[in-house]
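As structure tokens, the structure follows; a few thoughts come after it.
Just so it is clear, A, B and C label the chains in written order, and each chain counts residues from 1 on its own.
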Amino acid sequence: MRLVWTIAGAELRLMLRSRLALVGVVTLLLLSAIAAVTSAVQMAETAQARAQAQIETDEQFKAQPNRHPHRMVHYGTYALRPVGPLAAFDPGVDSFTGTVVFLEGHRQNSATFGAARESSDLLRFGQLTPAFVLQTLAPLLLIFLGFAGVARERERGSLRALAAHGASARSILGGKAMALGVVALLALAPALVALGWAAVRQPHEGGIALVIALAYAGYLAAWVLGIVAVSGIARTSQGALIALIAAWALIVVLVPRAAAGIAGVADPLPSRVDTELAIAADLRRIGDSHNANDPHFAAFKTKLLKQYGVTRTEDLPFNYRGALAQEGERITSQLFKDYAARADVIRQRQSGWLGWAGVLSPALSVRDASMVGAATDLTTHTAFMNAAEAYRFDLVQRLNGLQATAVSGTDDAARSKDPLADQRTRISADFWKTMPEFEFNAPSASARMTAMVPSLLLLGLWIALAFGVLGWAARRLERHGA
Amino acid sequence: MNNVIREMWMLGRNRASLAALVLLAVFAAAGVAIGLANVARDSAMIERMLAGQPAEEQAVAGFVEDAGYGAYYGFQPVWDPPSDLAFAALGNRDIAPAILRVRSLSLEAQLYENESANPELSLAGRFDLVFITIYIAPLVLIALLHDVWSGEREAGRLFMLSSLPGARRRLWAVRIAVRIAGVLAALLIPFAVGAILAGTALPRMLAFGGLIMLACLFWSVVILLVARRGASSVVNAATLASIWFALTLVVPAAANLAINASVPVPDGAELARENREFVHGAWDRPREQTMDAFLALYPQHAAGSALPPTFHYKWYFAFQHLGDLHVAEQSQAYRDGIAGRAAYARAAGWLLPPAGIAQAMTALAGTDVTAQLEFQQRIRAYHTRLREYYYDYLFSERPFDVSILANVPRFDPADDGDAGAD
Amino acid sequence: MQVTDFTLAVENLVVDRGNRRIVDGLSLSLAPGEIYALLGGNGAGKSTTLFAILGFLPFSSGTLTVCGHDPRTKPDAVRASVAYLPENVALYDHLTARENVEYFLKVADCPRSRADIEQAFESVSLAATAWDQRAGRFSKGMRQKTAIALALLRQTPLLLLDEPTSGLDPAASADFHGLLEALSARGVSILMVTHDLLGAADTADRIGLIAGGRIADEWRAQESGPRFDLNILHDGFAGVK
């Protein structure tokens, strides 16, 4: 073990003296720091802006004058997706999804205004965030610093000298890995600080922040072991460098894109228009509120009349139009939910492809673990969309309820012909103040931790694999000599 | 020719080089295949929308009793068909919707809808020929050319090779050309097959092929300049990988950050809210105010503008349009912000040739931010035609007839958006 | 004899590398069929002279012609007349001996038939089993033989050899010198740079001792008796070292 430290120390001293290594480390640390700071500032601004917009939206809703409740159904409100607690570390899909949903009656709108559509299209590769630095850039730095670790000694013949002095292949490779591990820790530092800072400000996120940090540590550890193994196997340092850069390009650049490209084509999502048209067709089949003779609504009316023992809707103890609106909303909302659930299943399957591609690319696994942990993944966005839809349904039904109970049926029926009746259907603005506000909480830390398990297992597999390859490299080195 | 055959044979005998070229060709073919599949999916999506439209219109015609009602329910499809080069440069088509259904209501509340895409798939970026050309091909070129001289020197063959008559012309030039040609073939053959399948117009095909060649040429020059300096193969490889990594990853990401920071884009959500406030506020404003403002824009409708004491769609659509005008400035600023960022990005493209070439590719394919904004302008122009069509019926009080719904102006994707944009 | 009658004519050659003057007024000439051995210590300017002849390095002053061509102005004409063997002949390891020779011949635009190549292999006594073996497994002697076969096939009037016998065992060395004599008999001029005093004394027609970038001493082989006085050679060599 002392020998391992000696070799690690010698390697680190060599790196310290190498201008290339220093420039590489400093560049990475600089990028990492810029990423951490800008991402933190940007996300704090975004979080603030969205929270402020949500408050303003809620205030505007409550400040509406006396109105017919159905006007308020159309006036609607907005739900803004709050910025995830650790989004400054890993914004994940935040910019690729809309962030605002307009919630109104009868319609289900998409989330609009995402950063990606407002961005310059300058090589969409990745935003400069701490997560991107760790996933993409850090392995490359480790390659640059580590590819020659063993190969250089072989080329110079000093590997034989080390072996002649009784250094086992294991201790040589172990020492090199140790030195590169120190660099990896250094590379992790700014991102860890960013993560720690977020955790300090939100103590309940501390546990998950730690798991995320461990996931990245494991990811970089797999790289460190793999790099040293390749350096130990390759005949020349040039061969090691080319092989490692090729591996990096495959793992970090190629597989994630290819997997996404294939998933999108192999398991396509219906378009929004597809869904709109399908829902419209379903509605015509189930119950068409525009059609006076529609069997569903006829049956609904008969049932109500029977329940209250009256013969005319005018004699019901409430405004029939309000009840009708509620029934209509119930049907459409159910369809929205069904179709959204179907699309969610497809999206989950697509993301499942990416999960499996983690077998080919640990970068995908660590990205997934990181996004899930930071609550900036698809699941969180889906949860937001579902929460927004549930809130929309609740709000609209409350307003429809007000139409049924607070608006006289006679006035409601006459309002399009009688301006005075129209005036009377405008109910007190105080009602709007009683409506609940939209609130969305990201999935709990424990739920996210559970969701991280598959990716963490894959990462574990990669670490084990890297250890295996390193062991094989050591045996090979031992057998063939240097 | 003999020299070319000799170097091709030599390249063929090198298993690693051959494998790199074959892999590149496979990736390029996969990129083209995925691109074609995406384009086919987009086209099918547009087809389905257009095929579903008659049933929608028939259903609306079944219950509509006047033109205003018809306009209210009369959603009309608009779409941005994929160009004949979209398969090679998918660009922003995954995040900017290619289809939308609009009606004569306030457009600002309809224009920014998003497609139901899976954001995790967009996150990594597109797998298309642009990606292969800009990111992967340079790595293969680096692998093939970084040690073209240093490799021979390190192997001890350099002086013996250089001592042969005409080595510069017959050996090095040909060897380098054959390797570059191998990379070009791996990219251009899949592209040509894709272009033929997609029915790409020949001049556009040649232009795109030219951009692919330009990208390879740029990298070849960079690589040869580095390789010529006389450093060892390892140093060359490390230097070139660093250049690649700076030019394609780090600097663009940093430039993106800088561009987004220096060109603010107004908050879209605020624009939408402002539009809603104005539109819904109209219910509480004196109706004359709305009509006066509207008639100032459309004096030709003054004659038929008298309102009954109760609800009328004339007024309703008037305030919908005024709602658009109310946020026109903000909307313009929003658009200008995005266009400004794109302009900066284009400027950055001159300093970052790989990014510049990628932009030229998406611009040629009509899949860039500019194309996305132009599509929005075409939608605006069409929306104007659509609502003005209904104004004629609403303000003339002509008796309603279902043919009004059938004769509605239709969107033509080939229409130039600038002509009628407001 | 006219200058152009010499295969190689060097007169007052001066070559600078950076600020250092490596070759400083070197003169030597080789008639057809002549074998010239250039002896000298490390850094005496032997390899630099070879590189100047090949046109790899420009020279500052003096004249240098190969078959009448100046390497500065007509490098390809010079190289077409020269076959060069570096100290460590390196071949393409993944190609066979035959493929290597074919490849180099094609680069030199000097096509030869299969029979010619086999005949050349035979004349350098490269074992027939090695002809279609990958050069990666070759010993230094085998690589050298392959390269000489290449030089034979190119049929150039001048052969430049850089330390041809270093690392060869004595038997291989003796074979090699026999081969040089055969070439010389065919009229090929040979300039070899070497440390190997005994080998040089065995084959060379003239031996030049290079020191300080010029020929410090030169001996011509005797017609009868021992070709060179080894004692004198040895003293001269030790003197410049």
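In the analysis below, a contact is a pair of C-beta atoms (placed from the backbone, for glycine too) under 8 Å apart; a residue touches a chain by one contact, two chains touch by 3 or more.
Small disclaimer: the values here were computed from a predicted structure and weren't measured.
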* Structure fact -> Take chain B away without moving anything else and the assembly reads A | C
* Chain nearest the global centroid, as defined over all protein CA atoms shown -> B
* Structure fact -> In terms of mean CA position, the chain most removed from chain A is C
* Structure fact -> Rounded to the nearest Å, the gap separating the Cα centres of chain B and chain C is 64
* To do: Please work out the Cα centroid separation of chain A and chain B, and write it as a whole number of Å.
  => 24
* Structure fact -> Note: chain C sits from chain A at a C-alpha centroid distance in Å of 70
* Structure fact -> Residue ranges of chain A touching at least 2 other chains are none
* Going by the contact rule at the top, pick out the chain A residues touching chain B in the complex. => 20, 31, 34, 38, 49, 53, 56-57, 60, 64-65, 67, 71, 74-76, 78, 80, 92-93, 96-100, 102, 109-128, 132, 136-137, 140, 144, 148, 236-238, 241-242, 245-246, 249, 253-254, 256-265, 268-277, 280-281, 284, 288, 290-291, 343, 346-347, 350-351, 354, 367, 371, 377-378, 381, 416-419, 422
* Note which residues of chain B are touching chain A in the complex, please. => 16, 20, 27, 30-31, 34, 37-38, 41, 45, 48-49, 52, 55-56, 59, 62-63, 77, 91-92, 94-97, 99-101, 109, 112-128, 131, 134-136, 139, 143, 147, 151, 232-234, 237-238, 241-242, 245, 248-250, 252-257, 259-261, 265, 267-270, 272-273, 276-277, 280, 283-284, 309-311, 337-338, 341-342, 344-345, 348-349, 352, 354-355, 358-359, 362, 368-369, 372
* Please name which positions on chain B make contact with chain C in the complex. => 2-3, 6, 10, 13-15, 155-157, 159-167, 170-171
* Spell out the part of chain C that touches chain B in their complex, as residue ranges. => 51, 54, 56, 76-77, 79-80, 82-86, 88-95, 99, 103-104, 106-109, 147, 160
